[in-house]
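Chain IDs A, B, C, D, E and F follow the sequence of writing; residue 1 opens each chain.
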Amino acid sequence: MKKFITVVSIILLLSIVRTVIFPSADRTLQASGDQEIEFVADDSGDDLLKTSINGLKQFFKFTGFRNATAGHIIMILVGILFIFLAIKYDYEPLLLIPIGAGIIMGNIPFFQEGGLNLQVGIYQEGSVMNYLYFGVMKGVYPPLIFLGIGAMTDFSSLISRPRLMLLGAAAQVGIFLTFLGALWLGFDLRESGAIGIIGGADGPTAIFLSSRIAEHLIGPIAIAAYSYMALVPVIQPPIMRLMTTKKERRIRMSPPRAVSQTEKILFPIVGLIVTTFISPSSLPLLGMLFFGNLLKESTRTKRLAETARTSMIDIVTILLGLTVGASTQADKFLTADSLIIFGLGALSFMVATAGGIVFAKVMNLFTPESRKLNPLIGAAGVSAVPDSARVVQNFGLKEDPTNHLLMHAMAPNVAGVIGSAVAAGILLSFLI
Amino acid sequence: MKKFITVVSIILLLSIVRTVIFPSADRTLQASGDQEIEFVADDSGDDLLKTSINGLKQFFKFTGFRNATAGHIIMILVGILFIFLAIKYDYEPLLLIPIGAGIIMGNIPFFQEGGLNLQVGIYQEGSVMNYLYFGVMKGVYPPLIFLGIGAMTDFSSLISRPRLMLLGAAAQVGIFLTFLGALWLGFDLRESGAIGIIGGADGPTAIFLSSRIAEHLIGPIAIAAYSYMALVPVIQPPIMRLMTTKKERRIRMSPPRAVSQTEKILFPIVGLIVTTFISPSSLPLLGMLFFGNLLKESTRTKRLAETARTSMIDIVTILLGLTVGASTQADKFLTADSLIIFGLGALSFMVATAGGIVFAKVMNLFTPESRKLNPLIGAAGVSAVPDSARVVQNFGLKEDPTNHLLMHAMAPNVAGVIGSAVAAGILLSFLI
Amino acid sequence: MKKFITVVSIILLLSIVRTVIFPSADRTLQASGDQEIEFVADDSGDDLLKTSINGLKQFFKFTGFRNATAGHIIMILVGILFIFLAIKYDYEPLLLIPIGAGIIMGNIPFFQEGGLNLQVGIYQEGSVMNYLYFGVMKGVYPPLIFLGIGAMTDFSSLISRPRLMLLGAAAQVGIFLTFLGALWLGFDLRESGAIGIIGGADGPTAIFLSSRIAEHLIGPIAIAAYSYMALVPVIQPPIMRLMTTKKERRIRMSPPRAVSQTEKILFPIVGLIVTTFISPSSLPLLGMLFFGNLLKESTRTKRLAETARTSMIDIVTILLGLTVGASTQADKFLTADSLIIFGLGALSFMVATAGGIVFAKVMNLFTPESRKLNPLIGAAGVSAVPDSARVVQNFGLKEDPTNHLLMHAMAPNVAGVIGSAVAAGILLSFLI
Amino acid sequence: MIANITILKSYLPSEAIIIAIVGYLVVFASLVLLFWFFSIIPKILYYKNRKGSKQYQGGRNEAPDHYLPGETVAAISMALHLHLSELHDEESGVLTIKKVSKTYSPWSSKIYAVRNQFNRK
Amino acid sequence: MIANITILKSYLPSEAIIIAIVGYLVVFASLVLLFWFFSIIPKILYYKNRKGSKQYQGGRNEAPDHYLPGETVAAISMALHLHLSELHDEESGVLTIKKVSKTYSPWSSKIYAVRNQFNRK
Amino acid sequence: MIANITILKSYLPSEAIIIAIVGYLVVFASLVLLFWFFSIIPKILYYKNRKGSKQYQGGRNEAPDHYLPGETVAAISMALHLHLSELHDEESGVLTIKKVSKTYSPWSSKIYAVRNQFNRK
């Protein structure tokens, strides 16, 4: 009862306030006069029901039901498919789920006729998605992800047998052949460079390069890169079978040597200086990768490394995946170019796989019997860490259930990350 | 002694440097000549003490003691009150303590006469608070908070008995009646829309909507929303007593059914599509809410969900609370409008509570005896998660110490969040 | 085999696409026509090898090998030295490792002739480092670091014996004498103020002040401040020996009293209001410091305090250290000014140490025998938390292995942080 | 309601009233649609499951075996909740315990300070 | 000091000297004010407590029961501190132990790599 | 490769072909350089160690004592890996276990909801 009195008193008070402070209440009408609510044209009709229906009609104009096109529906289904694949088959769920949700969010249809900016779409200035997309467009998220990757990667497999690095270089042939292929199909030089990097099998690198030289293609390139990275277990095995003999697949490799902490600390410092002296444009990616690794290996900054590889990379992954997904807004994404990019992407993954395997076989020609490489591990040179190393391991086990290639495959696998970042830097310095 | 020599040598070295590099030392005087330090007007007096006193006077001009007004003092006391309530009574401390500290920080008086910008105040360009406030003004923080809320909310209570969702819709009547009330009191259409959303009992939604349609009212609207959310245990019980009979309050509800993981995964996907097709302008809020929930329920992205609901939401909460608090700078905040907004806010919480209860009673008219609702849970439809569900539980226990309503109240409680986000979207599309 | 067919079909499909969608393939040539790739001038020569060599030459122009200067090499060695000191001697590794890595990254030589912007360097618009450096230039990172420091600092040593605060004030004499010294050496007023703050022995404060009044000196000032903070165990002991008698160094201090939780909660609130009323310009630093401490001591917001002192401060520390390091790009950093700043910095640390000790001795003149201070703890007033308190402890133990000064030294140590932030505020209000 | 509206109309622009009515209806519409979907979805899933292997359903939903009457669980949950709300949250509970175990002497807080501050900045 | 200033004055603009003097005084002023507040606050609180229930004070401050002489605690704390500073910080201590337990073979680091990298990106 | 290039040349601008060739060479160059460095570094370190105290090396590298043949370790690591990949990752493994222990009743998920939501915003 006490509260009832409170309610009444508040109302009374407000009424007094109203008459005292705003003697003429028409401030409202004036203020609203210059706003663009037009559905009261038949206010004179004075029929509230009729006007309400007009209001509903006006409202309906804004709904997704009215503004949806076939493109929106297709893309939403694609988003659901991504989420389904990630949950059902565990294909790179940390990426496909944010991207899938982003695709759905980016394809909710909204009213944008006559240039009206409701600040909903990712390409509309002032929208929240647009602010978050900033980190993609300016290439800020990928280096931060590399920082986290550096802080979680153990490079000792590489350090213990440095010649396996070359496999990570060889597989980057996919990048350059795809670059030429894209040119041949009619893309211009910059677009072709960005499309080529799909063959690097490294999402952040692809996003970084395309944000610099072909901003309008970030969406399809990123989606293609991540899709094929998720599909590595489907794409690689047939190529591996085609390119190797049974005998080669059964080659056993000797265990690597121990690596001291001093070497582990030297690796990021030397690696940073060597690779970025050769390709300074790779600095944002490789600098961050090696810096993250230094945080990890220095043993003095464990808390920074821990944060870099947990909350920091998680936050950036969420924002990157979501906005890359949302950048596939149907009217910008569903073009012939996107389809061609997807075709080229598939080819480039195959070429890269083959390139790694062939190079391993070539290296074997110059290697004594005891140190022969199992050419399967060349396939891990595409990067797509760590999926392609896992594919190699499983494929190897099928031939010989006691021959574990996982450890050997990790070396070209991480070298592939460095290789494609160097490649991105070179393309950048030629094409920017 | 060794160090003493070092000191002396450094000084000598610096002296040499000085004469070698700056042959004429008047660089200083020139450089400082164009700076606006005026307290040396009586330098000719040559009395260092006198000039020092002038310097102190000049300094005093900048202190808070000189620039304080009654408004500043009042607001600082309000900030202390917020902190006191949060610590003493545990009223939403995660919000009230940052907001309270923000109020104090935003009301430290500083010198700003003649347009001098010391980059201290939240409304001064270039100040740190101004940069952090950006996320409020552009509506970026609220969606990030919704992401975290999605990643910590379990919607199974809703999924298991979807009809309870309607209670979350009913309680939004507070929004629309407050909208009309604000108009009637003389606010213009956009201001009224932003004030109305206080009735949604959801802080981030209120901030998001006001940042879009009534930026100048963010402060009072946010403070009102959060204050009343903290005061829900005080505001709701009298209304609940007034609107229900003893018999109604004792109604026992049957336990909900089990919910499968598949349904839990489908909920955010279907929820996202359905609600944003109806109201695309709610996308920033609801998209993030359901995306966060998908991260949680997919079971494949636990680490992302974990980060979203811990460090990510914590960081945003700190920045949001602090800057919303600081936005109450006395000269912008202490206006008649703010007082009216507080009055309207109190009313809207009461109306919303009543709306939820009445609708539950209406639903009971069409429900068989065995599935009758306890109308108290309608009060939880205002959102203010989870306080209003707790209020319902405690109130129910007073009537019947064995009747636990908490689980039942969670459903309208989370539905109320969805409902007010939809309402915000509709107001946005009509009023932007 | 199945996959081989896939490859072939994709290629065929792409070929068809090409002829259908781009009937004339010269789109490529046109598009690339306006790009600035000039190494094909002798395309007519038609010798692929020769052109390739030209390409390599062109590429070489971009490498670090071609663009390196002595300055770059020196700075990279300095970066390596920082990392070495941090790892080998554990000198402030959380700062020196990010800064060292940043110095290396900031001094990778890149091509920037003719104003070409490859978006690599920290001073090039659009580069990732430039975006991350924004938080330094605008002074946003330091307050966030203070937030984390507040959330991890226990002020009870100060609360229990408030008179020790005065030692934290006394040591700030280093700031003001360095300010005068810098002026005398020919820097202008603002530059001198920023250089003076090195004597505050507090990295974030130094960066904050210089970002406001001498942006072009952020690099050397920050590096000097952090270097000497790391070298406190080397700089302070000789001064301490010089300024105290054996008898003084053996003074035992009585244990402090217990501090209640209420006092701990009141401290940040009172501290915030008192210090910022005196010096409103210190608000960004001291407001955040005390806000963080309130989050910690309120006992209601443990999760916010936890995030502020772990992931939040870690993320900011990584970004701050890295970009401050990178701001030492050789051509901007290696100047006579930087050298003088380093000289002045060393002096200011010595003066500050002496100032604290002398003031402790002065206080002893007015103190009864039983409450005499050990003047060594005055040295901890420079801040450099907690290293200088540790130095005091170790130095004290050498004189008397049972006399533990650590707890007593913590009080002037944290007071020194407050003192230098106040000093920064005052300089800011006079010099902005 | 209608009466209300008539009174208000003299003061309020009719577009505002329409916004309010349409808005409220649409909020309902969206939650009704969700209600409708989630009334149907379990039926579809259940139908699918019935057609599929019985074991699958069992795997998903072991509830029947360990079923506890809702009232009992509610009581348990309430007890839990009261217990938890006393501690504010799990985390702060842990921290409180730590804190208590540390305040055994006037000096203790400084030990804590030292431990914390040695990691500082 | 005064002599110093006289010497400096020939080189320095007097506003700079005033800034330095005023600045130093104000730094003192702010910490003196804080000192003064926190000399008074415990008296107020103690007065209030003495008037209030004796039990309250007890609850707040169990120190007397478990009181340890400051010297003892200082020694304990120093031991703790030296122990901790050897491990750098708690966390890194834990990680060091983990690392040691992992380097039992030339391959071990790669096991770690695998475990880490399978969560990658 | 040369044949390929000839065919492509009719369609492709020669600068593109050069970019591709130079690019690929440079990627190799950078990894060859790294390879070369890390072939040499262990020799330098080993040389230094041999000249230094024997104990130092022992301290760094206890491997010989606990040496396990690589094959064995690989098998162990694979078992570990398969085990881990089943659980997705350590963390999610933990959470899965928690989840299972919580779904004993139709109500359980809501207990979880309550616990989580009481900390909300």
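In the analysis below, contacts are C-beta pairs under 8 Å (C-beta built on N, C-alpha and C of every residue); 3 or more make two chains touch, one makes a residue touch a chain.
Just so it is clear, the model here is predicted, and its values are computed rather than measured.
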Discussion item. For chain B versus chain C, which are copies of one sequence, does the interface use mostly the same residue numbers on each side, meaning over half shared, or is it different?
Written reply: different
Worksheet item: If you tally the C-beta contacts, which comes out ahead, A-D or A-F?
Response: A-F
Worksheet item: Nearest 5 degrees, what's the C-alpha rotation angle taking chain D to chain E?
Response: 120
Discussion item. Centroid from C-alpha atoms only, then distance chain C to chain D, rounded to Å. What do you get?
Written reply: 42
Fill in: Cα-centroid distance, chain B relative to chain D, in whole angstrom
19
Discussion item. Can you compute the centre-to-centre distance for chain A and chain B, using the mean CA position of each chain? Integer Å is fine.
Written reply: 32
Worksheet, complete the sentence: Among chain B residues, those touching two or more other chains are 25, 28, 32, 37, 59, 90, 94, 183-184, 189, 192, 255-256, 258, 278-279, 299-300, 303, 306, 310-311, 317, 390, 406-407, 426, 430-431
Worksheet entry | Sites on chain F at which at least two other chains make contact | 11-13, 15-17, 19, 21-22, 26, 63, 70, 73-74, 77, 81, 85, 88-89, 105-107, 110, 114, 118-119
Discussion item. Using the touch definition from the top, list the residues of chain B that touch chain C in their complex.
Written reply: 1-4, 6-7, 10-11, 13-14, 17-18, 21-22, 25, 27-28, 31-32, 35, 37, 59, 62-65, 67-68, 76, 80, 83, 86-87, 90, 93-94, 97-98, 101, 104-105, 108-111, 118-120, 126-129, 131-132, 310-311, 314-315, 317-318, 322
Discussion item. Help me check something: in the complex, which residues belonging to chain B touch chain A?
Written reply: 138-140, 143, 147, 181, 183-192, 212, 235, 238-239, 242, 265, 269, 272-273, 276-281, 283-284, 287, 290-291, 294-295, 298-301, 303-304, 306-308, 310-312, 336, 339-340, 343-344, 346-347, 350, 426, 428-432
Worksheet item: Which residues, counting only chain B, touch chain E once they are in their complex?
Response: 25, 28-29, 32, 37, 39-40, 43, 48, 51-52, 54-56, 58-59, 303
Worksheet item: Which residues of chain D touch chain A in the complex?
Response: 5, 11-19, 21-22, 25-26, 119
Worksheet item: Considering the complex alone, what residue numbers of chain D touch chain B?
Response: 8, 11-13, 15-17, 19-24, 26-39, 41-42, 45, 60-61, 63, 69-71, 73-75, 77-78, 81, 85, 88
